[in-house]
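In what follows, chain A forms one complex with chain B and a second complex with chain C.
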Partner chain A sequence: MTIATEASQAAAAPARPQRRGPARDFRATRWGWAYSAPAVLVFLAFVIVPTGYTFYVSLWKWNALNPALSKFKGLGNYQRLWDATQPTFLSSLWHSLYFTGAMVIGGTAISLALALLLQRGGALLNGTRVAVFLPHATPVIATSMIWTWIFNYKFGLADWALHSLHLPTSQWLQSSSSAMPAVVIYSLWHEVGFTTVVFLGGLAMLSDELSEAARVDGCSAWQEFWHVTWQQLKPVTVFVVAITAITSLQAFTQFYQLANGGPAYATTTLSYLVYEEAFVFSDTGYGAALAVVLFAVTVFFTLVRRRTASGDSHALV
Partner chain B sequence: MSGPRASRGMAGASRAGRYARRVLAVLIGAAFVFPFYWTVVISLGRPGEFSSFPPVLLPHWDWSNWSRAWHSAPWLRLFGNTVLIASCTVVLCLVTSLLAGFAFGVLRFPGRKFLSLVVLSVLMMPGTVLIIPDYVLANDLHLLNTYWIQIIPWGASVFGIFLVRQFFLTMPAEILDAAALDGASRLRFLRSIGIPMVRPALVIIAINVFLGSWNSFLWPVIMTNTNMESGDTVQPIEVGLSTFASAEGTDFPGLAAAVTFTTLPVMIFFLLLQRQFIRGALSAAGGVRG
Partner chain C sequence: MRKRISAAAGLAALALTATACAGGGTSTPKSDAAAGAKSTGGTGTGTGTGTGTELAVPTGPVTITFEEAMTIGTLKPAMDKLVADFQAKYPNITVKLQGEPDYATMYTKEKAEVQAGNAPTIGQAYESWASYFQSSGVLAPISELAGTDTPPQLSTFYKGIQDDTKLPDGKTWMWPFNKSVLILFYNADLMAKDGQSEPKTWDDYASVMKAVSKDGVTGSTIDPGSATAAAFGTQWFEILAKANGAALYDKDGTPHLNDPNVVKALQYMKDLKDANALATGKNYPGETALGAQKGMFDISSAAGYGFENKTVGGKFKLGITALPAGPAGAVNELTGTNIVVFKSASADQKAAAWAFLKFITSPEEQAGWAATSGYLPVTSQALDQPALKDFIAKNPYETAAVSELDTAFALPGFSWIFKCQGYEATAIQEALENGKQPADALGTAQSACAAAKAQG
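Right, the complex of A and B next:
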C-alpha cells in the first residue's frame, strides 16, 4: 500500500521545522501570490463573488429577462420561505435532511462493511473492488435512466426481486411514499464505491501491533473490531460522513432524472427547489433566497466537521 | 503486508469461512454490475416485450434498436463536445493546480495564509448555490451557449491544488538547496524538477477532473440551449442523452442502446485507468490522517 504511506508522510511533513540555508531564500519571494493567481482568479470570478451576488439577487423581485426592471423586496423573499404554497421550503428542507441522513447512515455502514469484506484480498476480491467502484465512475444521468427501468412497476427488476422473495411489491418512483427510498437506493449504488475505497485506505494504515495485542489478550473478533479497528478508523469515518453529507446536500441530477422532484413533490429537495424556482418558474430572486439557505446549511455542516476534528488542518472537507 | 493472519477481525477463520467470504464478494460484485448487463439486454430486446413480468434477462440480439437510436441524435457531435470540454478543463486545471500547489507548498510570501484560506472557502460554496449568479453573469457577458462557459469556471480545483501541495510538502529540503545553489529560477525549477516530482498527483487530478467534467449535468443544462437539429450544438453528451430520453421516453430498447453507447467510453476509460482512480480515492483519505 504505497499510496497509504505516501499520504501519511504528506500529512506528517508540515511538522518538520524549517531549515536555514539557501532553500530559505529560494522559498521566500514577494511574487509568490502570482503563482496562485490563476486559480484564485477563477475562484473569485465564478465562486466567491457570485456567492456574494446570490445574497444581492435574493433581495429583489428579479427580472431574468431585463434585470434593470427588477423590484427591490428587502427580505420579502425570505418571508416567503414560510408560505404554505406547494412545494414548500420546509418540506424540501426535510427531504434534503432525510436524503442526507439516509445516505450518511446507509453509505457509511455499507462501505465500512464492504471494506472489511474486501480488505487484503487476492485477484478475486480486487475484481469485486473494481465492480463496486464502477458505478461511481459512470454518469449519473445515464445510470439514473437504467434505474428508472429497474424501478419500473411493470417490468422492473426491483419488483421482480421482491415478488420472487414473496414480499409485497412497491410502486417505487410512482408513489410519494416510496420515491425517496428508491432515490436513496440508486444513490447508494452509485456512491458507496468511492467511500469503500476510502475505508480500504484507512484499513491499510491500521497498526498491526494493536490487533495482535488484542488477540493475545483474548479478545473476540467483535471485541477486536469494536475496541481496536473501529477506534483507529474514526478519522476516516469522520471524513466519509462529512463528504457524504456535503455531496448529498448538493445532489441534483438523480432527482431530476429519476423523479423530477415528484410525485407530489415527494423528492423535491432544497437543491432541486433552487433549480425549479429559478429556472422553471423563473422566480430568480426566490431561488436565490433558497440558495442562500442551502449555503448556510452547507457552512453549518462544514463548521461542525471542523470542530469535531481539531488539530487536523490537512483534511480537505 | 500479507502477515501470518489471513484477515483482520476474522480470528480463526476456517477454510469454509474464506470460501464464504469469496462467494459473498463475487455475489456483491455481480449485483453492482448487473444493472449494466441488464441495460445491454434491454437494448437488444424486442420493443413489445417490456410491459409485463418476468423481466427479460437474456438478449434477443435485435440490433435495430441501436441503429434507430444512433440516427435520432447527433451523437458524434455531442461526444466531440464532451471530449473537447473535458480535455480543455483538464489542461486548465493542471496548470492552475501546479502553480498554486507550488505557491502554497514551497514558496513563502506575504498573504500566503490568507490566499490558502480563500481557496479552502471555495469548498463551502457549491454548484447549486452558484448556478443562479453564474447564469446572470454568463448572460451579461454573452457567454451562454458557448464552450467557454463550460470550461473556464471549472478550470481550477481545490482538490487538485491541495494534492499538488501535499506532494511538494514531502519534498526533501536538500533539493531546494541544490536548486538555489545552481541559481535556477523558480519557474525553471518547477518545470524541470517540480513537474516530474508531482507527476502522480497530476495523473490523479487529470483523471478526476476529466470524469467530473464528463459527468456534469446541472451546469451545462442551464448554460446551454437544446438545439439538436441544427448540428452546431455545444452541449455535452449527457445533456443530449437526457433530451433524447424525454423525447423518446417509451422506446426502452432505443434508450437503452443510447445509454449503452454513451456510457461505454467512460467505462473503458475507467477500466483502463482503474488503479489510478482508486489511488485518487485513497489520496482523498490520506489527508484525514494528520
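Right, the complex of A and C next:
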C-alpha cells in the first residue's frame, strides 16, 4: 500500500466526531490505586513504618538485642537531650546548622559561578564540566579516606601546597577550630559538581532576548547577571538551596570517615550523634529521640522554604 | 497546607499505632524475658554456676560460626592455622570464620546478627561488649559449657587473663583469645646517635622525648582516641594514671577521672605536647611517624610487632622494650578481646565451641598462635613449647611482656565503660589540642561518665 492510497482512503472515510471528555482522575478509581500500590507499599514499608517505629522507640530505654527487656521512659529520652554534656545537644545542633549554612551558601555560590563559567560549549569546557562533576560520582566513603591523607598535617598534600605557596599551614582534622572547615572543603569538592550541572541546565533554558535587551539598554555584565540572569534562575536556585540544605542536615559519611565527630566533638552533628548513640553505644532509645529531633528540624526548614518560596519554584520542589 | 499537615500527622499516628500493636517492647518487662536475661540458657542451670557436667565433644557433623577480625597481616595465617589444626583433630567439626576488617565492623555485625535471630556461635568481644550482650540475655556462660564456672583450664592462665574472663557479676562469661599488653617501640639507631638510653621510668621517658625532639623528629605521635573508640593513646593515659597511683574506676565502675593522680597523668601529656615532644594523629600515627623516621617512640600493642617491623622495613634498628614505670611501679593494661558464646547456638554447637575454645588456648596452640600473630600466650605453659622458645630467642621483649599479664589491668566490664573511655579520649583532645586545663577537661569527663553510669 502506497502513501497516496492511504491518504485517499483517509479522505474517503466519514469523519468521526471528536469526543474529548474530562481527563480521568485515577486517584478516584480502583485501577489508580492498584497501579500505585507497589510504590505505596514500598514507601510504607521502608519509610513510613520505620519513621513511626522510630517515634515509638524514642519513648523507651530500648534494648535492641532483646526488645522485651525495654523499659518505657515516656519523654525521658527527650529530657536527656537537655541534660547531656558530652556533647551537648545544642552544640550538635549548632554544628549541623554551621555545616548546612556553609554548604548552602558556599555550594550555591560556587556552583553558580562555575555554571556561568562553563555554560559556553567547546571541547575544553565540556571536559571541564566532566571534571567538575566527577567527584560527585565517587563514593563519599572512598574519597573521604583519600582526603584523610590529604589533610594529614605531617605528610598531607594540603599542607604541602600551602607550605609551597608560603602560606600558613593548618592542623586540619586534628584541631577543633579547623576540623569543620576541612569537612566543608571536602564536602564542597564532592557536591558542587551536581549543583553546577543543575545550574547549567537552568542556564540552558534561559531566553537570550532579555539579556540582549539588557545589554542594549546599557547594563553592565554584573547588572545583567544580577537583574536578569539570576532572576530567571530563581526557581533553580531555590531547588539547589532546598536540596543542599536537606542533604547537608543528613550528611554523615564524611563526618564518620574524616573526623569521627571529633576532635572533642567539633564535628559531631545531629546525624552523627544519632549514629553514635544508636549504633556505637547501643543507646537506641536516645538515638531515636535524636533522630526524631533531626526529622523535626528538617521538616521545619522544608516548611520555611515552602512558605518563603513563590511562583514557579513550587513546581521544582 | 493545614490539610496536608493533618494528613501527615494522621499517617504518623497510624504508623505509631501499627508499630505499637506489633509489639517489641512492654512497659513492664515480661517475667519470662526478665528470667531469660538472667538465665544461663539452654542446658544451663540458671545460676551461671554450672551443672558439674562438661559438654562432650560431639561425634556427628557440626558447623560453628566464628565472628572475628583477625583478617590482616600475620593475623590471618595465624587464625587459619588455629582452625586448620582444630579441624584436623576434630574432622567432624567445621569452623566457619566470618572475618571482618576491624573490630567496629565486627561489633556492628554481631549486634545485627543477634537482632536478626542469626547470631554466630562464637564471636570476639571486648569486656564492655560482653557486658551488653550478657545484660541482654543473649550469651551462654562458660559454666554452661564447662559444667563449672571455674574450669580447670582457667587456672593455667595468667592471673590478669583469668580476671578478665569475668564480668562484674563475678561469673565467667568469656574465654581469652587475642590478648596483649602495650610495649615501647623505638628507633634504636637514633637513640644511640643522640646518646640516649632506654627509659626506665616515665620521668626518664619525658626527658628522652624532649631531648630527641629536634630536626623534624617528634618524640612520639599518639592517637588519643575518639568519643566512639579508645586508641593506644587513651590506654597510655590510663596506664600513666594508674602508674601515678590513681584508681580510675572502682570495681563497681564508679569513676575517679578527676582524681589528682589522673589529672597529673594528663598534665604530663600536655607538658610533652607543649614542649613539642608529643604530637597527635589518627590511624596508627606513631607507627607511621616511627617508620618515616619522624618519631622516636611508639607505644603500641605487643601484637603490633609485625606491623611495626614492616613499617620500619629495615631502615633502622627497631628497639623494643617494656613500658617505663611510675611512682606506683610498673603498670600495664590488657589489650585485645575475648571470645563469647551466644546462647542461641544449638547444644551440639555449644559443645563444639567449647572444644574449640579449649583447643586454641592449649599450650601447643598458644605457642604457635603467639609466634605467628604477635599476640601474647594466655598461659605460661606455652613458653616451654619449641615454637615459642624460638620466637623468644629472637624477640627477647616477649619475656618482659608476658610477665605483665599477671598484673595487667582491664577496665571494669560494664557496657557504659565504653562511653567513659570516649570521655577520657575527649578530655585528652581538649587538653592537647584545645589548650584546656587537664583538671577542667577531666572534671567534664567525670561528670559525663557518672551520668553514663547512672543511665546504665
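Things to note:
What we mean here is this: the second predicted complex is superposed on the first by the 280 of 317 C-alpha atoms of A that agree within 3 Å, B and C clash if a C-alpha of one lies under 4 Å from a C-alpha of the other, contacts with A are read in each partner's own complex, and residues count from 1 in each chain.
Everything that follows uses one rule, which is that a contact is a pair of C-beta atoms (placed from the backbone, for glycine too) under 8 Å apart; a residue touches a chain by one contact, two chains touch by 3 or more.
None of the values given here were measured: they were computed from a predicted structure.
Of the two partner chains placed by the overlay, only chain B lies in contact with A:28; chain C stays clear of it. Looking at the shared chain after the overlay, A:225 reaches chain B, while chain C stays out of its contact range. In the superposition on chain A, contact is made by A:143 with chain B only, not with chain C.
Legend: residue contacts after superposition of the two complexes on their common chain; A:85 is shown touching chain C, with no touch to chain B.
Shared-chain residue A:154: touches chain B and chain C both.
Of the two partner chains, both chain B and chain C are touched by A:279. When the shared chain is aligned, chain C comes close enough to touch A:69, but chain B does not.
Legend: residue contacts after superposition of the two complexes on their common chain; A:261 is shown touching chain C, with no touch to chain B. With both complexes superposed, B is the one of chain B and chain C in contact with more chain A residues. Applying the stated contact rule after C-alpha superposition, one finds that A:174 touches chain C and leaves chain B untouched. In the superposition on chain A, the residues of chain A touched by chain B in one structure and by chain C in the other are 48, 51, 53, 57, 67, 152, 154-155, 279.
Listing the residues of chain C that touch chain A in their complex gives 11-12, 14-16, 18-20, 23-27, 29-30, 33-34, 36-37, 104, 108, 111, 114-115, 132-133, 136-138, 221, 224, 226-229, 279-283, 285, 288-289, 292, 294, 415-416, 418-419, 422-423, 426, 429-430, 433-434, 444-445, 447-448, 451, 455. Looking at the complex, you find that chain B touches chain A at residues 1-3, 5, 7-12, 21-22, 24-26, 28-30, 32-36, 38-39, 42, 50-56, 95-97, 99-100, 102-104, 106-112, 115, 118-137, 152-153, 155-156, 158-159, 161-162, 166-167, 169-170, 173-174, 176-177, 179-181, 186, 189, 211, 214-215, 217-218, 222, 238-239, 241-242, 245, 252, 255-256, 259, 262-263, 266-267, 269-271, 274, 277-279, 281-290.
The touching residues of chain A, when paired with chain C in their complex, are 48-49, 51-53, 55-57, 60, 62-72, 80, 83-87, 148, 152-155, 171, 173-176, 260-265, 268, 276, 279-283.
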